[in-house]
């Protein structure tokens, strides 16, 4: 078993805070409640190893994530999270509309309709702040 | 049945030419050979109705398409096409590497490995020009 | 961007009314609330460009749609809608049972179980009228 | 373990012969080479338990199967087989074109493009007889 | 149509009782309410034809099922059922944690997060007994 | 960006050698040719962070991986690799037959047929040694 890098957990949670300020506390508690290594392995891979890399800025990465989760259609809750994260990192509502329409091209109308529902929920959450 | 807009076919093929100069002749022949309306309906929706819209530039749209097809894992040939199209619209190889790594986060290592194979094929095709 | 055909929106909503009389008002409001072009692009493609075409009657098309959404397993809400639409266009409950069993063959028992739940909801909705 | 019904193998192969006359010999050898029970369990479930049931005729069932496999996008070889089977059970080329277009609506353009390729292969196979 | 083996229904429900004692009554009523043959065909195939076979013990089979449903991401309710069944057939919580982490490798972080939620629900259900 | 643990690459390749002795040289060259960090990030996560963990032995983990890739149906080449790896870590051919049949239950007959083809290729590769 890997003698994991001690800072991956912290790096991952710091990146997560950029996506949604309230997320690290909630997500870490949720994963710590499951297994002591879950934050480090799952979020460490996602956010410390990959998403925090240079080469694509965080705002564009969130657009890519929204497109992927919309096309896959198997993680509606996480699609909503990343739509809020997209708004929080500077993606505009107009761009989100365009991503939803593009999902329709590559994954079909039902996937786009579900992405639209998630986008509307993210817009409402932003309006309610 | 829709009395389809006469210019959708032309608009779609013009957009397709921006993705790969050789594509319109080949793709149109392939679809015309199947049904007279196939170009207009399938490519008209994809390229005339959606991808040519303002709001997201074509280069970023190709990044989104590569991410979606990589994550879905069900259209390897079209993933290769859109990787070439990404290069043709200004996406860098470094950015493509980053998208492949991001696919691993959201769709798993096998999806990323298949996207890597497609990316390497697109890089070789570009080198061979 | 396509200078879209003005009647696609109306054609799409007229077809949608044949699937479920209450649907056009609800669906159009839902999409208009998202983006002014969403009905025209998403429903225009689905219903005006494709589903309203000759060659396969609407009743058989709804059977195909139920089979596809059941097999894909990523759009339970829309599966329920199209099960109600199938009943509204003359598909029998016996035929729906058979489609659910056929989903099991091609997409597995869990997909069929989820399709069965959606079918039972559609049957109850029909009984409650 | 189920003391399986002795005639399921024969029933399954008889149904398979209606889909493609050459199929039973080839498919049975392929599965027998893997495990003695594979024909009986896999084809018995598919063809004896489900597809041979009354309630939907074989021709319509093949349309449903083509739609499902086209939408799922994970079994291109079997999609080609069922497209040939569809032609063999009386589905017309025009109907197959319509199913391919309908796949685009519910599963996206790449799925439809792959289904089109499989359909063209099935048409060529029929022409070559 | 297959003249189905009379004991498949009983065999299937007996196996289901080993997964969760309360399941047969609930599941059989749910399926009988849909169609008289549904238990026999769907559960007969799943549990009598396949899962009750020798060659892999039931405990390991439940680990495989949890991994498959977690990776597919399209049947969250059934994933929760099979996580409870895994616990009921001797799979440990530590093993379930490991399966969830392994889902992340092959199907991505969102699939693992959804599997984690289902696992936590199964753990709570076990604690509440 | 994570200041990655220096030994993850080596740990990952050592685990990979247990799956197939020839794999590390081939896989590392394939990934190094794509990006200097690809082995460390993709294989480091898969093999160093997760698969090498205690809690489930490597032989059972390969059974789980074969089940997942068989059910997902989007990575046939990697399914073949992991079927060879399963044989190399002590999974028997009888167990592989059972996993293939179980894939049919949860993901449908076409997924099982594709897994059977991959299994037969792995058996032939083992026979040819």
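Should a chain be cited, it is by its letter among A, B, C, D, E and F, assigned in written order, with residues numbered from 1 in that chain.
Convention: contacts are C-beta pairs under 8 Å (C-beta built on N, C-alpha and C of every residue); 3 or more make two chains touch, one makes a residue touch a chain.
From a predicted model like this one, the values you see are computed outputs, not experimental measurements.
Participant: To reach subunit F from subunit C by way of touching chains, what is the minimum number of steps?
Facilitator: Shortest path length, in steps: 1.
Participant: What chains touch subunit A and also subunit E?
Facilitator: The shared contacts of subunit A and subunit E, listed by label, come to B, C, D, F.
Participant: Count the C-beta contact pairs for A-B and for C-E, then tell me which is higher.
Facilitator: Of the two interfaces, A-B and C-E, more C-beta pairs touch across A-B.
Participant: Relative to subunit E, which chain has the most distant C-alpha mean position?
Facilitator: B
Participant: Please work out the Cα centroid separation of subunit A and subunit C, and write it as a whole number of Å.
Facilitator: Taking the average C-alpha coordinate of subunit A and of subunit C, the gap between them is 30 Å.
Participant: Where the CA atoms of subunit B average out and where those of subunit E average out, how many Å apart are those spots?
Facilitator: The computed centroid separation for subunit B versus subunit E comes out at 39 Å.
Participant: Averaging only over C-alpha atoms, locate the centres of subunit E and subunit F and give their separation in whole Å.
Facilitator: Those two chain centres are 24 Å apart.
Participant: Name the residues of subunit E that each touch 2 or more other chains.
Facilitator: 41, 45-46, 50, 53, 69, 71-72, 74, 97, 101, 104-107, 109-111
Participant: With chains as vertices joined when they touch, what's the shape: line, ring, star, complete or other?
Facilitator: complete
Participant: Sort out for me which residues of subunit F touch subunit B in the complex.
Facilitator: 30-31, 33-35, 37-38, 41-43, 45-46, 69, 72, 74-75, 77-78
Participant: Residues of subunit C touching subunit E in their complex?
Facilitator: 72-74, 97, 100-101, 104, 109-114, 116, 119-120
Participant: Flag every residue of subunit F that touches subunit C in the complex, lowest number first.
Facilitator: 71, 104-111
Participant: Touching subunit E in the complex: which residues of subunit F?
Facilitator: Interface residues on subunit F, with respect to subunit E: 45-46, 50-51, 53, 55-56, 60-61, 63-65, 67-72, 94-95, 97-99, 101-107.
Participant: What does subunit B use to touch subunit C in their complex?
Facilitator: For this pair, the touching residues of subunit B are 1-5, 7-8, 11, 41, 44-45, 48-50, 52-54.
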